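These notes open a run of structures that come right after.
In what comes next, subunit A is part of two complexes: it sits with subunit B in the first one and with subunit C in the second one.
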Partner chain A sequence: MTFRRLMMTPIFFFILLFFSPVVSFGGTPTESVKDTTDKIIAIVSDPVLKTPEKKEEKARLIRAAVDERFNWKEMSRRTLARHWAKRTDQEKKEFIDLFGKLLERTYLERVEGYSGEKVLYINEVVDGKYGIVSVKIVTEKDTEISVRYKVKKKGENWLVYDISIEGVSLINNYRKQFNSIIVRSSYKELVGKLREKVGK
Partner chain B sequence: MTVLECCSGDPVANRNTVLMGGHTLTHSLTGVPVFFIFAFLFLFFWLSLAWGGVEISSPVKVENPYYSNTEAHEITGPHSTGDRFLIGEPVGSGLDLKMADLQGSQKDPLPDKEPEEQVQGEEEDWMDEEDAQSPLPDPLEPMNRAFYHFNDKLYFWFLKPVGIGYETVFPLFARVSIRNFFSNLMMPVRAISCLLQGKFKGVGIELTRFMVNTSAGFFGLQDVAKIALDMPLQDEDLGQTLAFYGIGPGFYLTLPFLGPTTLRGAVGWGGQAFLNPLNYIFEDWFPYLFARSFEIVNNTSLRIGEYEALKEASLDPYIAMRDAFYQYRLSQIEK
Partner chain C sequence: MKKFDLELAVGFFLIIGIGCLGYLSVKLGGMDFLGSQGYELEAFFSNSGGLKSGSAVVIAGVDVGRVKGVILDNYEARVSMDIPHDLKIQEDAIVSIKTRGLIGEKYVEITPGGSEEILKPGGRIRETQSPIDLEELISNYVFGKI
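This part shows the complex of A and B:
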């Protein structure tokens, strides 16, 4: 009896060890968003990177952190919406690249002005492979900005596909703009404007 | 008329002369009626607090996130149209009731999502998102664009330089306090909007906020109510009240000096002019305009960079502004 118990204990622990990582591996959406946010805050508030010479390196580091959390393809697909299906694979690739750069640049500019704002994680809703992480940013001007990250599970990771700031969805906003440009002129015109904006 | 004069004579006669003599409220406020007004306000806020439930929930409180979230999906979420039908259906027939029980016993918080995702392909889920939001009509686009450019130039050539100059003179603390002061003055707009929408707790919060911030917060310079009592500002206005009663937005409008709004919003602004205490405090147009400009410059100095960011990030700033305004408005109305 004691022998059996002795045998069972390691097996039990082995099972525990084996199964627990499966549950917690990818983390929750909040953990994912928090992980990236903390990384970016660490980069932005790093005094070593604050000098003008290090600006390039800082941008590169932020870009790397953002890249692994944002799903550029999903974002592009949702922004182009019904125009997405009409594009060739080559065009899709080009668009993902351009749009990703535009978003990165916008995000970089917003993040660069970071001055000790507090980020509070308010709520999280998970629905299958979709999730929403609600965040509140408290600025030094005593205003609260509510931000919602919409995430979708890809493999083991939760990747961001839309950000809503005070109820204004970034993707919806771009969709309206892009649709208007495509309808009034053409897709070529849109790509031209995107290139111009990104400075390529 | 001074306070002494007012109090020495017959109060009713005094009030009548004041009411007949001028259209301002300031003089009548200094007399005996001030007691009645405050007594009424106190009674009113007490009653509304009792009516609306005394416990004031903090904004962080999470109660059944799933259901609060489906509401949000009706406007912006990825699975919008399907949600309502699938939630409503199981209660219908006997079989459905059994199904509902079954789903309930499984304790699946999101029972309706599975079939939908199977039907819906990967490529299609943007459709709901696009259709869920009925677009805001913009028949006056050429005019709106012209006014948009006017406001754009007004900002870059006048408001922004003045705001930057102002920023260097006044410290952040002072500017935030001045913003709080003007925001505190606008209490009647928010309280009445809450009242008209039946948000009695909101009315109570607004009146309490006004009393606390005006007294303990030094005439509203400090937002004590939010910090100490956890009573945040109730973001309501008459435009949202009209929306609450099912009045549509009409169409998009950009007005010179005033910025983006809708036909409904413009009507709301018209009504709010009567609720704005600044209109009653100043008899002349000049000091009113001065106070208003001061408020605008002060608030602009706190928001420098926001418009630039929007403009910088967009390919068509006019459309970006129109959509951002509309999405923001929808989220305000939803609350």
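This part shows the complex of A and C:
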């Protein structure tokens, strides 16, 4: 009896291993988000990079880590929504660049202000090529901020295409703003405004 | 003969009155006798914020459809909406539940997307945004301060 049970255990584990959802190179959505988050936390807590002279290098490193995980094209397409199809390839390229820089400008300072907040991975939902990773950020004052990363599979990787903070979607926010600017004036005006904001 | 005319007139008047009453009750009750004229889309929300069937579905502030039903499905709110046939909703559209004014009634707003993929009848809008819970925000703010 004991012998049989001993024999069964490895077989059981083998079967489990065999049938478990294949962990591909990209890993699960949570692993992907965690990987990038850990990378960024490592950069912002690195004492070597804390000096003012290294500020630019730090920003560059953070941007590189974010670039790996964010699907800028998908994000830009979703923000411009129905105005996206009307743009030429050149304009699309320019917009992707500007939008990335806008987010960088808006959020870099907050990321750099990191002071030991804890990141808890609450839940993950996968539905085909889409996934949602729910995260709670706990500040030192014990305030909880719920963040949801919406990811889409591209090749082997799960890439972020939207972030909801406390239930407010980043893409929806910009989509409405950009749409109202384009409808009121023109796409050129929007690009001008973005340039102004980014160039400052 | 004269008396008969009067009775006829009253009869007609009554029938027209009842007809009007029937029409009004159907209109006000939001009933659909001929069935819906559109197709159905659904969306899942973590919180429906008290949305009711019959609430408006709005794009750019224009009423385009109605909420058909709000039911609990796996502890999430499943909202089904009736959308007119000629209105195409893209796969990356975002639906959010909003409040008219500060404490007004709830309605559903669709922000159109830009995807070439159009949702088929019975499809699901993936991107949703639940209503902002003011109370929760305030409590977060208040307790966060301590």
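Keep this in mind: the second predicted complex is superposed on the first by the 176 of 200 C-alpha atoms of A that agree within 3 Å, B and C clash if a C-alpha of one lies under 4 Å from a C-alpha of the other, contacts with A are read in each partner's own complex, and residues count from 1 in each chain.
Note that a contact is a pair of C-beta atoms (placed from the backbone, for glycine too) under 8 Å apart; a residue touches a chain by one contact, two chains touch by 3 or more.
The model shown is predicted, which means the values in this text are computed figures rather than measured ones.
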{"item": "Overlay on subunit A: subunit C relative to subunit B, clash or fit", "value": "clash"}
{"item": "Contacts of A:K176 with subunit B and subunit C, given as first, second, both or neither", "value": "both"}
{"item": "Superposed model, subunit A: greater residue contact from subunit B or subunit C", "value": "B"}
{"item": "Partner chain(s) touched by A:H83 [first = subunit B, second = subunit C, both, neither]", "value": "second"}
{"item": "First, second, both or neither for A:G167, with subunit B first and subunit C second", "value": "both"}
{"item": "Partner chain(s) touched by A:Y130 [first = subunit B, second = subunit C, both, neither]", "value": "both"}
{"item": "Which of subunit B and subunit C A:E140 touches, first, second, both or neither", "value": "first"}
{"item": "First (subunit B), second (subunit C), both or neither touched by A:K193", "value": "first"}
{"item": "Listed stretches 9-17, 27-35, 45-53 or 63-71 of subunit C, narrowed to the one that overlaps subunit B", "value": "45-53"}
{"item": "Overlap of subunit C and subunit B interfaces on subunit A (superposed complexes)", "value": "77-78, 81-82, 84-85, 127, 130, 141-143, 150, 164, 166-169, 172, 175-176"}
{"item": "Contacting residues of subunit B [partner subunit A, same complex]", "value": "59-60, 62, 65-66, 69, 76, 78, 110, 113-114, 117, 123, 126-127, 129-130, 133, 172, 176, 223, 302, 305, 309, 312-316, 319-320, 322-324, 327-328, 330-332, 334"}
{"item": "Subunit B-touching residues of subunit A, taken from the complex the two chains share", "value": "77-78, 81-82, 84-85, 102, 105-106, 109-110, 113, 120, 122-125, 127-128, 130, 132, 140-143, 150, 164, 166-169, 172-173, 175-178, 180-181, 190, 193-194, 197"}
{"item": "Complex contacts: residues of subunit A adjacent to subunit C", "value": "77-78, 80-85, 127, 130, 139, 141-144, 150, 162, 164, 166-169, 171-172, 175-176, 179"}
{"item": "Parts of subunit C lying in touch with subunit A, wherever the complex brings them together", "value": "46, 90, 92, 94, 96, 111-116, 126-127, 129-130, 132, 137, 140, 143-146"}
